[in-house]
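What follows is one structure encoded as structure tokens, with my remarks underneath.
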Amino acid sequence: MKKIAVVMGSDSDLPVVRPCLEALRRFGVPAVCRVLSAHRTPDEAHKLSAEARSEGFGAIICFAGKAAHLAGVMAAGTTLPVIGVPVKSSTLDGLDALLATVQMPAGIPVATVAIDGAVNAALLAIQMLAIEDGALAQALADYKKEMTEKVLEKDRKLQLELK
Amino acid sequence: MKKIAVVMGSDSDLPVVRPCLEALRRFGVPAVCRVLSAHRTPDEAHKLSAEARSEGFGAIICFAGKAAHLAGVMAAGTTLPVIGVPVKSSTLDGLDALLATVQMPAGIPVATVAIDGAVNAALLAIQMLAIEDGALAQALADYKKEMTEKVLEKDRKLQLELK
Amino acid sequence: MKKIAVVMGSDSDLPVVRPCLEALRRFGVPAVCRVLSAHRTPDEAHKLSAEARSEGFGAIICFAGKAAHLAGVMAAGTTLPVIGVPVKSSTLDGLDALLATVQMPAGIPVATVAIDGAVNAALLAIQMLAIEDGALAQALADYKKEMTEKVLEKDRKLQLELK
Amino acid sequence: MKKIAVVMGSDSDLPVVRPCLEALRRFGVPAVCRVLSAHRTPDEAHKLSAEARSEGFGAIICFAGKAAHLAGVMAAGTTLPVIGVPVKSSTLDGLDALLATVQMPAGIPVATVAIDGAVNAALLAIQMLAIEDGALAQALADYKKEMTEKVLEKDRKLQLELK
Amino acid sequence: MKKIAVVMGSDSDLPVVRPCLEALRRFGVPAVCRVLSAHRTPDEAHKLSAEARSEGFGAIICFAGKAAHLAGVMAAGTTLPVIGVPVKSSTLDGLDALLATVQMPAGIPVATVAIDGAVNAALLAIQMLAIEDGALAQALADYKKEMTEKVLEKDRKLQLELK
Amino acid sequence: MKKIAVVMGSDSDLPVVRPCLEALRRFGVPAVCRVLSAHRTPDEAHKLSAEARSEGFGAIICFAGKAAHLAGVMAAGTTLPVIGVPVKSSTLDGLDALLATVQMPAGIPVATVAIDGAVNAALLAIQMLAIEDGALAQALADYKKEMTEKVLEKDRKLQLELK
Amino acid sequence: MKKIAVVMGSDSDLPVVRPCLEALRRFGVPAVCRVLSAHRTPDEAHKLSAEARSEGFGAIICFAGKAAHLAGVMAAGTTLPVIGVPVKSSTLDGLDALLATVQMPAGIPVATVAIDGAVNAALLAIQMLAIEDGALAQALADYKKEMTEKVLEKDRKLQLELK
Amino acid sequence: MKKIAVVMGSDSDLPVVRPCLEALRRFGVPAVCRVLSAHRTPDEAHKLSAEARSEGFGAIICFAGKAAHLAGVMAAGTTLPVIGVPVKSSTLDGLDALLATVQMPAGIPVATVAIDGAVNAALLAIQMLAIEDGALAQALADYKKEMTEKVLEKDRKLQLELK
């Protein structure tokens, strides 16, 4: 199975990143987690994106806040899909990171998920791998069913509580 | 090769959608284009998303404006990756569609691209198919090189003009 | 009397929902409270909206945050009025939920109230039932008078305090 | 059948209001259309809202732009449901009118629809009247079916065009 | 000397209002403080604004949050200057109150100060009274000088601290 | 009668300013109109604000766009009330000018009106002068009545048209 | 004298860039103008920033729209000051480019000017060169005086016109 | 070496300012730190900017919140580069200060950094001084390398932790 590269712009983002790593692990998708900055370690960032396909990666997930350039810079260096997670920082509630991640110019897409949307970034990467992988697709279908069950269970519990 | 479903919430979105269809055609990726609304044709929308995988689709691209629910509603019904393109409408400059598309709750990701980002939606879908398809990956690499060449050509032309 | 369906997208919204249930109870309006998600339990959500009228409901109140699709998805399946309450979540201060709820395309209205506006959602539903129900209209008029009295009482108290 | 009061803050809003009047007429719902301002004709505005119920109105629809107070001021004077349509003006793209209409304090709800959402305001008023009116509910259900048909027709046409 | 009416839409605004009352007191400007709501006590609000001039008021200061209509509704009923203070509430950081206060239509101005700008509302009212009142103008000039002195004192202290 | 100083940051603002001058003229309030910039002619701007009171001015109205500092800079130099009109420019729809005008720090108020709110700036200045001027107050009351009449006239006309 | 590098992300930005080139020429500051993209020509962009100092540049001005990464990517590769000009594009009025340019993480500053602020970008670059260049500083002082004169001339003209 | 003037609009900004002073000290760049307000001490502010060049300053860094006029007012009085740091205050998350700082009219640039971006303000000032100062440029290059090293070190540590 292809691996997923999970890259964060700063190690202070780790608490936001963790649910992404856990979701990948739950689905048995191998992941490599890196701290790399578009601005502070541009060479290492470029190396990762340039070699990602040949190194066996299937997608790259990037977490960054503020003027979040990491996903865009990664996307510039690879033909693999790059998923961008805008991280909320101390000002502007993540709107800056969202716009800096999603508003990419034609030619270089970044698949953007919600602000701090770590789980969805993982699921999106898994969905990409599952396009051609029936077992993974089945695992996603099971996960969906489980989510449904959980909501219905909560619904039943609430009915009882409110009676 | 897997097909791409391109769905727009209203046929008035067609001018925004066209560059997406052209980009898919350029890469030889088969596409089906539909007008389906999350709110006006919910049954047909669910049918498409529920059967998309078994019908041979690899990803679904959704265009919608205002309270853009189409991509999210599609994503609810499939384990395929769903790409959302927020469409600018007559008020709020597309911000409403962007937030309604990207801010999905955990469990149901939508891979969001820029407002009116039709070409990038196509490229993202192609990147997903190219994870396991070397020829398509090579075509993307060639496209990237061509983009680079075009910018450099413009750069050279500008140097001459400004002399 | 018609019943009101109160639906929340996640059981974590319950603290925001409670004042809505209390307001309905205060006016003696029967309510059913459900946890249903536009994305995680689309079938159950559709079932509720499709059968709401025949089940004796007069209106549906939906609470949802982020890319809040619940009210719109409900409105797609019924001819009953649907009231949407945008719920504030951890980013963007509820603006995403507000726009995703209120900016509905022509044909499928959602009656949107303020962010976290649980009491007003209940009052709006009661006003709808009271169009043809004189006793309920009188109860609303009494409630209005009571509100006025409370403000005037506070006004008198403040005058004394500040003297 | 109850009448609907359609009130605009300025006669310059008439082009935005017209589709609302047409939608009401299409459903055979009697409407009275007024130009009344919360700030320039407060007495007439209060009179209308205070007497609306006894005059046979079932709901009041208010169109206003900028610091749109009209719907809120109307809602203060009646126990009928008040529907607010934020009107886009020359600056801020309707965001000011949206927030000034929807963010009502607890106790005085305004059922807010999309910016310039005239048709949905009419449909919402009709839905309210249709809670207890089976024929009107059937007309709404027919309208919904017609909308669905129109989208499916456009879908079929597009399939042919793109072949 | 003319009196200033200080009106708040809810007694929960009192902590925000207090610095306004203190500033008025400091300048010896008589003030009356009221809790009155544009929506819950419209009659009392209108009475105050309609009689304000004849009761000896020179200006009205209104504090309100969310869809802040209070200042506009007051301004509709008087030819006295009305000062609006947008109050920050639990969502949207006061932007809703700011737009609902400042974006008044032509004909009915509201003199808007910063979000939660209680002191400036008082100073603005005092400046209005001081147009024709030399002693009050002198008190304002003294206040300005004192502010300057305080900043310069802090500047000197900082120089010493940082040495 | 006190004069009103009307200052614009750039002569390109004149079309926005004109309705302000006309409103002042209509009420017979003497006005002086200047082009002065907080940044390009700081000395002249300071001179005007410093001498405004002794030169017989009662208030200063400032028009400025973008990072609109003019009103604040004027307010720093006088104890007269300063009215700020945020002017919409080619980007951001006037939101920048609104925030730069209204969000003044404690101690230096600017009475802010709507974006491009020229007429209201004039009326606000006139209201300030009318605090102690019965004839001017009467003229404002007449103007108010006339506005009411105009709306009612339009209301009657609309009733006839729609019949 | 050091040269200024003026880089635009797309040759479609040239109309926005031109006033910058003209301002540099007016002050006799040598400039090189390039079309280089952070995403489409990352290698050439890095080369320019890495070699800028040794090639005799004193500052780099970058124009980019949407998710404007160009200035940040340039700043990552040099110790020269980088000036970012956010360019307004077809959606969001330049707010996306502004936030993506200005909200840089600690360590990598971008000196951001107004949206489409081409002239100010040039002046800022010239101010930087003029820190140690008395003649250039004098030219800037002359320019300032000229601006002042122009405003005063317009002020005088307006006085005459309005008489 | 030229000195840097660091000016804050209020001494309450000192916690935000400190990292700027520390960064300047770390590079051995002499700095003077002042509390000066565009509105409360306009004369002292003008004096500082007017004399900054002749007093041996190379750049002025201004910290201000809300309607942040300080940097613009400073820039009006000098031909030195002025760096503006928008400071987040209790409402609007710094957006007001950002727009009031960055959206300067043509002719008077302010080099704006991120909201609360104290370190970057210092680095930008140092970069300006380093245009002609090889040793300082080397120190900046060393700082850059150190940043890179720190990120790489964190990256290595994270690899170990996650194993």
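Here are some notes:
Each chain carries a letter (A, B, C, D, E, F, G and H) given by its place in the written order, and its residues are counted from 1.
In the analysis below, a residue touches a chain if its C-beta (ideal position, glycine included) is under 8 Å from a C-beta of that chain, and two chains touch if they have at least 3 such contacts.
Keep in mind that what you see is a predicted model, and the values were worked out from it rather than measured.
Following the contact convention of this document, A, D is the list of chains adjacent to both chain B and chain C.
Per-chain CA centroids place chain D at a distance of 34 Å from chain F. Rounded to whole angstrom units, the spacing between the C-alpha centres of chain B and chain F is 48. Along chain A, residues 10, 37, 40, 66-67, 91-93, 95, 102-105, 107-108, 110, 114-115, 144, 147 each make contact with two or more other chains. If you check each pair of chains against the touch rule, the ones that pass are A-B, A-C, A-G, A-H, B-C, B-D, B-G, C-D, C-E, D-E, D-F, E-F, E-H, F-G, F-H, G-H.
Listed in rising order, the residues of chain F touching chain H in the complex are 9-10, 37-40, 42, 46, 65-69, 72-73, 75-77, 91-92, 95-96, 99-105, 107-108, 110. On the chain G side of its complex with chain H, the touching residues are 2, 53, 58-59, 79-81, 83, 98, 102-115, 117, 119-121, 123-124, 127-132, 137, 140-141, 143-144, 147. By the touch rule above, chain A contacts chain H in their complex via residues 10-11, 14, 21, 33-37, 40-41, 44, 66-67, 90-93.
Every residue of chain A that touches chain C in the complex is listed here, in rising order: 88, 93-95, 114-116, 144, 147-148, 150-152, 154-155, 157-159, 162.
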